[in-house]
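Chain IDs A, B, C and D follow the sequence of writing; residue 1 opens each chain.
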Amino acid sequence: MEIEFTDTEFMICNAARLLEDNKTIFVGWGVPQVVAILAEKLYTPNIVQVFEFGAIGPQSRTPFLRGTMGGPSNTYRSLQWCSMNLAFSYAQVGYIDYGMLGAAQIDRYGNINSTMIGDDYSRPKVRFPGSGGGNEVASYCWKTIIVMAHEKRRFVERCDFITSPGHRMDGKTREEVGLPAETGPFRVITSKGMFGFDEETKELKLIGVLKGLTVDDVLDDMGIKPLVADEVVELSPPTPQELKTLREEIDPYGLIISKGAKFKVEL
Amino acid sequence: MEIEFTDTEFMICNAARLLEDNKTIFVGWGVPQVVAILAEKLYTPNIVQVFEFGAIGPQSRTPFLRGTMGGPSNTYRSLQWCSMNLAFSYAQVGYIDYGMLGAAQIDRYGNINSTMIGDDYSRPKVRFPGSGGGNEVASYCWKTIIVMAHEKRRFVERCDFITSPGHRMDGKTREEVGLPAETGPFRVITSKGMFGFDEETKELKLIGVLKGLTVDDVLDDMGIKPLVADEVVELSPPTPQELKTLREEIDPYGLIISKGAKFKVEL
Amino acid sequence: MEDYIEILQRGEADIHFVHPDEFRKFVRDKKNRGLEDKLMDVKEAVKKYVKNGDYLAYDFSSLTRGPQSLIREIIRQRKKNLWVLAKFTLLETVLLAGAGCVDKIDVGFLGFGPYIARKVQEGAVKVYDYSNGSVTYRLVAGAMGIPFMPARDLLGTDTMKHSGGIVVRDPFSKIPVALFPALNPDVSVIHVQEADIYGNARVYGPTVATLETAMASKRVIISAERIVETIEFREHPNWTTVPYYCVDAVVHAPFGAYPGGTQGYYEMDSDHYLKLTSIKTEEEMQKYLEEYIYSVDSHEEFLEKRVGVKRLRELIQNSQILEGYR
Amino acid sequence: MEDYIEILQRGEADIHFVHPDEFRKFVRDKKNRGLEDKLMDVKEAVKKYVKNGDYLAYDFSSLTRGPQSLIREIIRQRKKNLWVLAKFTLLETVLLAGAGCVDKIDVGFLGFGPYIARKVQEGAVKVYDYSNGSVTYRLVAGAMGIPFMPARDLLGTDTMKHSGGIVVRDPFSKIPVALFPALNPDVSVIHVQEADIYGNARVYGPTVATLETAMASKRVIISAERIVETIEFREHPNWTTVPYYCVDAVVHAPFGAYPGGTQGYYEMDSDHYLKLTSIKTEEEMQKYLEEYIYSVDSHEEFLEKRVGVKRLRELIQNSQILEGYR
């Protein structure tokens, strides 16, 4: 049997499998929302979503509606509606276990760029929306998961602009710059594989590749050479149940999941 | 006709006459509450009470009940119930016009002691409850009114302990120590008279005495010699309407108003 | 023991900073603690309270409970040289930049799409980067009357370098900590579900920074889906989001968040939203502004001639989750 | 430009200060983000979560919505060497000191009457003076995970000298400003109107520092007049005061604030209150403690044998203002 799915579907499913039940997760707009809802439906029924605009523990309605960030659908039956200051305070004081972020660029230490491409801040080659709440997620949450399309140009030695912190910034550790101890990027999930960070050096380390791809397939598509784990695991493609849940329940209009290249794998 | 009243009744009426309508007033427990309610009933129907525990603009029920600080009676039909942090923030950012405080001791510059008597902080001769929210009221409100029994020992050159700030503290101005500009004690209302503060030197200045008393009657009962205004006005004793409102509507059990010496004045 | 705190880093941004005592005096002299009828037409509110060169803040998003009718009126009145706080924003900055109202943007989230990106790339608007959290802390400090808020975000990043924050060594724990200067906008525009004529305002759903923004701003315009009697606030004082004395003008604006939604009233108009997000060129932008803002005289005319009763009814129909919003 | 911030003054107090990272790790490892049934008997809750030598905080007053049954249980279990935060308190410190539970008190408001005054005069308890505002700011900082809060109170006073605050020159405005160190109590006890078995809690009426206290504390015991189903919170998420993940134990305690009142349930018992405030001597105190605390086994026995159904019914009858509390 052959199974067909998009890059985004693979990333979403892979991320959803990473989460733990009975934990809090700081959720941004789009992919992270869909990840959290998929996880809630299939793997971690008691995961608690936290939104920066001030919603704690909603039982988000499906289908996912693009327009409802902060609206009735994705904040449905929350345990608390509150302020942004309070939502971030929960995270800053340590109550939020996971955070999930996208990135335009990532570097060897998991620093993220979502601000600009170029070397002149006042005249960027490409300007992105900036941090949003991303910096707080990356700074405060215990474990940050980064989800991004696997493209060569996105992996760089040093981000053009560090929007949100990784494990080392220009040689300094998180603790040295004052960030909360024992936090930082936990996994990077791309459309081709999954990375962790070396315990000691804190460098990006390939730990899994999508079934059907080789380690070299993944490495060839990167602007930097990451560490490679002694044992690189095979990452399962989306299961039929995951795809059914995504396509029929969560995102039937394909607002999120239809993005990215199509991929086929023999099951 | 002769009118009889207590020290406390006189102070309350005199304070109530000082307030302006359409202003906010930070109200502490006891006398200030009764002042605000009397003012609301007779003089300033739109005065807005603010309580430190988090109530803004209540239409306090009468009779005054000792036990209801924060309860249904004195927070009745508030415009907002909120946190202490928010109540103090309103004051710190400048929204609160008046504050009203009691004091165990006061000095020449309007500094207040509500902490202790003695010269050894660790072994006070007499210990009082301390600041409560008094320091914030005296620090943040635009005009602070101090209400206190007129006793010789309460007027001192330097408070044994400065709990809440006056106009000068050990030679330093409010601005020099960092307090908000253009704030500070506005009036001191005692059971015998009323004081302001000299525009220039910021020293305590007698500006009014209760009808039936002389300036010397008031000055003799003070441990310091205050300035005396060129024209010291005569302060009316409580009017029959004020007393009726106090005794029949606001405090029929005499929980607050019955305190202090009795006084008689020929009308 | 040291008698100083080490400053480890200084952000480079120009900051809009109002001395706490200056802001206090403004509050004392210009904000009315009396219960004054502040209900007025949107035209009058924007004319009176939004000035060229102002620092402008607004609350919540383009999708939900955003002050869209007030933003459109600001554009219609062709306000100039604004410095805008873009927190949790998608399209407000895009429109304001398209209309030439904006010079500078403090960025939590810049806004969406290639149009605003190009404005920055070309240098047509100057940006200062923060994050949604750090700009919110700036508002919290402004609302509390303190000169700054400490926080542990932006540390180690280029965002910090380009922000208005500084990093110091905390005297208590000795860790580096960021200090973000208070922000007191000249004017803020906020949309809520319910307000009374005095400015008491109630938000249902996530409150974002509604109260902090209102408390911190010199002038505040509230637009509301419904104007209710004051007794509605007094009966449930726990639900009051903003007290009247922070507010300067109250505008009755049904569908005030359109094309976004307002919880309990109507859903967003996805078609109109897509029309907006697909704007790429200057020509498309000017065409949109002309059609939907300049060529209509008011929010009411906009609703009537550019949206229509049928569409509005559909958006109301789409809003079927009322739980928690009443 | 200076590369330092001048420290102008340092308060002398010993402070209970937990490094923000230490508190974060405690939250990560000991607070459960799962929905766990935390309903337990008051005895068990106090036994498990209040330890000798703890820093103890509580919220609201002896008159209204105070955690009186929890305080009595702490006394009954003869906890020792507590360091207590006395904010907006009248009688809690008096009783705790009378029972020999307390060594140190951080004073917002020390408590009422000659008994506690004498304990301080004799040096039996050590006090550190603050104000209700500054101790609240300490809790706010503790709740936000930042090492301190800036504020403009205590400046120029002897209170500042004896507090744990410091005064620095603000780097933005150049005015002197106080910094108050974060406070993260070991344990806090809080009484509310409604909670679910997971610890979600709802307060009607002024909220004082309920949420900040709960967020900032390592361990939190909530007592509630009513235990309600979780759906009650989900239907009105704006009304949730404390989310479950801050809370360790939930105690069902009708009349938990007695002799104080709880809004919407019962008024305070003025006679019992006067009995308490009239305590002057050590003998009177020990007699009170024996009669009302030591000699009864539980809150239920206290209500039954020392208060009585008739009195409780009167207190319910006296509570006739329900508006805003439902």
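Worth a mention:
Methods note: a residue touches a chain if its C-beta (ideal position, glycine included) is under 8 Å from a C-beta of that chain, and two chains touch if they have at least 3 such contacts.
Bear in mind the structure is a predicted one, so any value in this text is a computation, not a measurement.
Each step here moves to a touching chain, and the least such steps from subunit A to subunit B number 2. Looking at the partners of subunit A and subunit C together, the chains they share are D.
Averaging C-alpha coordinates per chain and comparing to subunit D, the farthest chain turns out to be A. Subunit A and subunit D have CA centres that are 40 Å apart.
Averaging Cα coordinates per chain places subunit C and subunit D 36 Å apart. Chain geometry summary: the mean Cα position of subunit B and that of subunit D are 28 Å apart. Annotation for subunit C: residues 20-21, 144-146, 151-152, 175, 177, 204-205, 207, 211, 235, 237-238, 323-324 touch two or more other chains.
Shared interface positions of subunit A, defined as residues touching 2 or more other chains, are 55, 75, 77, 81-82, 92, 140, 180. In terms of which chains touch, the assembly is arranged in some other way, matching none of the line, ring, star or all-to-all patterns. Every pair of chains in contact is given here: A-C, A-D, B-C, B-D, C-D. Against subunit B, the residues of subunit C that register as touching in their complex are 20-21, 23-28, 31-35, 142-146, 200, 211, 215-216, 230-231, 233-235, 237-238, 240, 243-246.
In the complex of the two chains, the subunit B residues touching subunit D come out as 51-55, 61, 66-73, 75-77, 81-85, 88, 92, 111, 115, 121-136, 139-140, 159, 161-165, 169, 172, 174, 176-180. Taken together, the subunit C residues at the contact with subunit A in this complex read 60-61, 63-65, 88, 107-112, 116-118, 120-123, 126-127, 129-134, 136-137, 140, 151-159, 162, 167, 175-178, 204-212, 260-261, 263-264, 267-268, 270, 273, 319, 321, 323-325. Contact residues on subunit C toward subunit D in their complex (touch as defined above): 1-7, 10, 15, 17, 19-21, 141, 144-152, 166, 168, 170-173, 175, 177, 179, 181-182, 204-205, 207, 235-239, 323-324.
The residues of subunit A lying in touch with subunit D in their complex are 21-24, 46, 48, 55-57, 59, 75, 77-82, 86, 89-90, 92-95, 97, 140, 142, 180-182.
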